[in-house]
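Take a look at the structures listed below.
Look for chain A in each of the two complexes below; its partner is chain B in the first and chain C in the second.
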Partner chain A sequence: MNSARPPPHKRQVAESSLDFLMMQVVTYFLHGPGAAAYVPPVPSAVPDGNALPPPPLLSPADAAAAAAETRRRLEGVGYDVGHRLVERYAVEKERMDSDLEAVKFVCRDFWEGVFKKHVDVLRTNHKGLYVLTDNKFRWLGRVWADEDSEEGGAGAVGADGAEVGGAIGGRGKPEDYVVFPCGLICGALTRLGVRCRVTAEIAGGAQCKFSVQVIGG
Partner chain B sequence: MATSSGAGVTSTSRSGAGVGSGSRPVGRVACAAVINHNNAPLFLKVFKDAAGSLPRQTDAVVRMQMHEVVYNSLDVVEERLVALRAQSARDNDGFLGCLAVVGPMSLYGFVTNTHLKFIIALRSTGPHDYKDSTVKALFRKLHAAVIGAFLNPFTLPDAPIVSAGFEARVDEIARRFG
Partner chain C sequence: MSKASLSKLGDAAFERTDKVSAELLALTYGSFVRQLLIDYEDAEEVNAQLAKMGYNIGVRLVDDFLAKSNAPPCASFADTADIVAKVAFKMFLGVPALVGSWSSDRRTFSLVFTDNPLAEFTELPEKWGGVWYSNVLCGVIKGALEMVQMEVDARFVRCTLRGEDLNEIRVTLLQVLQEKPPVDDE
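The block that comes next holds the complex of A and B.
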């Protein structure tokens, strides 16, 4: 992609395909067949002729649990990807002895590899909390928050998203698009020896703050 | 197809060693092992022709012995890692040098930023048979192969690497070394 530094393989992929893939991954996991509370479209009758009972409606508590489970799954996918990817980006890099150095590596090299930019601001309280602020987070660039609309407006998910309705709240909220990256960061850091919990907070537009809380021990 | 190519490379490696023992007195890779951050083995391959001067044994026994040797060397790896942390990061890239000399083999270690450990047994007569740079290059190639194997989404992370393609790559790397 970058002509100054050609990728290790000659194969190239259009960036937009990755953007579309990310959006579809979110749709699939949060509102589609990947969701814990997903109810497939009911066929009128099963082959042996018996009518299926209507799908039970989830109680609010169950729905919340299902939504949490669903997010956990999507985060798990991100974790797995981060876990594998960091191995590749950490090659030939300086050794990281402290948590701070590992976080710095994620901010610079890992971010550069995944998002083609560095994290804009890194803050720490020196007690195991790191806040990574990306002022123009790539995967939020094509998503806009539409407070007024009931659909919650994820522009690019568009018509397809409407097909796979789910029982889980409004769809296409910007928060949905930071679940995967949270897992990604957590997976990468865990691999580097920093056990942590990662949460994200969207601060207007495409600005996103990732809080990394190191778990002691 | 992958299996057949793997078998092909293995047979080349054997014939290569046969020629080598006659014409060039270079040492060879006797064993390559990959160990994860919890010291669980991800991959271990014994090259019997290079490990051949061990007492004549069945494959299973040679493999077992090699497992033991590699496991014991992990203690040395831990010691070296402590020493490594005392050095500045600039001075050391994770290469642990010669860990031990066991019989006809020298064991070399390498640790990655992600706490993967690589241990290679090279046929040798002493700890200084190989230049560090040569061994480092070998580790680097092996690491690249492992990264490739990790990027396969159909495997579990931290599970032993079972892949004909990966094994073929390791065979190829070992065959070209020397």
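The block that comes next holds the complex of A and C.
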């Protein structure tokens, strides 16, 4: 039955399968058991035997640290995937000889392979900061497909730090869905020889800006 | 509906759907399972967690399936088996499964498949011999069928990552659930 099966790098699955998996992965790390593991444990001794212990009260600093740790773990999974995936796309490319070459490769070939389009705008300050703008970031667009999205036209600049809709229907927040991609991009670039930190900013609708700060460059 | 036409239905549904590279799915799943192994350090707990996540996927995925597959309604559990194997597996994973090994009471069958897109690049260290790597699939089947009023048990009995030459999931119908009364839309 598999006589016509394509070679490994050409095989495909339904995009919805990845969406469903990603939703569960995000939930596990940020809102589920994978997040709980990083919240300080509740004292287990309950003297009178029937009162439940109060939920742990975290100081704002502890809560922020726990949240950062859960995001770091999810980013780590993305990093791992990006690192391994880029090897497959870059397998026939010669070694990139500059940071810009590597970033361009990620904006085109890697983006195409993962997000099925190219990055719309690439800007750099020539001091190790690259800003990759995707006007219709696929993973936001699909997760929020049933929500009204304002589509920014090419080149449109969204208001910086614009508030994006809150949690809906157990999917978490849109911000949750850019954590994994930050790791993915960082893992890919690191594998191509560019050590960096990657952060994301959702600029309204499905527009997303990824900032790549090269470390020690 | 004949098995051949179900296969065509599955091919057509897969053809229509948006697709991504199987590598991306396999690597994402693999990295995630690796993290679960670190977090739980116990094969049984990892199996349970994967099944639970699969269940959550299944209860959502069934809507997608019913809306896009054009699959005919199931008149029997045997129909259900064929639709899962020929249409659903193909539509979501790009590869069909085979149905076989029916029990004499016709309440248990096996889904058999050799190519497993989830396990494409995976080797399971011996230490994790108790892990059913693709156990998420059992959860998906259970969750999805529950939404169409069939409570089932689904479990892996063979897996290529354990050195066997194919993957086999045993699916048993436990009970047909009562259809929920329709929601009054007034």
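Assume the second predicted complex is superposed on the first by the 152 of 217 C-alpha atoms of A that agree within 3 Å, B and C clash if a C-alpha of one lies under 4 Å from a C-alpha of the other, contacts with A are read in each partner's own complex, and residues count from 1 in each chain.
What we mean here is this: a contact is a pair of C-beta atoms (placed from the backbone, for glycine too) under 8 Å apart; a residue touches a chain by one contact, two chains touch by 3 or more.
It should be emphasised that the depicted structure is a prediction, and the values quoted were computed from it without experimental measurement.
Judged by the touch definition given at the top, the superposed model places A:R88 against both chain B and chain C.
After overlaying the two complexes on the shared chain, residue contacts for A:R11 are found with chain C alone; chain B is out of touch. By the touch criterion defined above, A:V214 reaches neither chain B nor chain C. Looking at the shared chain after the overlay, A:C107 reaches neither chain B nor chain C. Of the two partner chains, neither chain B nor chain C is touched by A:V179.
Looking at the superposition, the partner that touches the larger set of chain A residues, chain B or chain C, turns out to be C. With both structures placed on the common chain, the touch criterion links A:L122 to neither chain B nor chain C.
Contacts of A:V198 after superposition: neither chain B nor chain C is touched. When the two structures are aligned on the shared chain, A:D80 is found in touch with chain B and with chain C.
Contacts of A:D97 after superposition: chain B is touched, whereas chain C is not reached.
Comparing which residues of chain A touch chain B with which touch chain C, the overlap comprises 80, 84-85, 88.
Residue ranges of chain A in contact with chain C, taken from their complex: 1-2, 5, 8-9, 11-18, 20-25, 27-28, 33-34, 37, 73, 76-77, 80-81, 84-85, 88, 113-114, 116.
Chain contact summary for the complex, chain A toward chain B: residues 80, 83-88, 90-97, 101, 105, 191-193.
On chain B, the positions that touch chain A within their shared complex are 37, 84-85, 89-90, 92-94, 112-116, 140, 143-144, 146-147, 150-151, 153, 157. Chain C meets chain A in the complex at residues 14, 17-25, 27-29, 31-32, 34-35, 39, 49, 53, 56-57, 60-61, 64, 91-96, 98, 114-115, 117, 120-121, 136.
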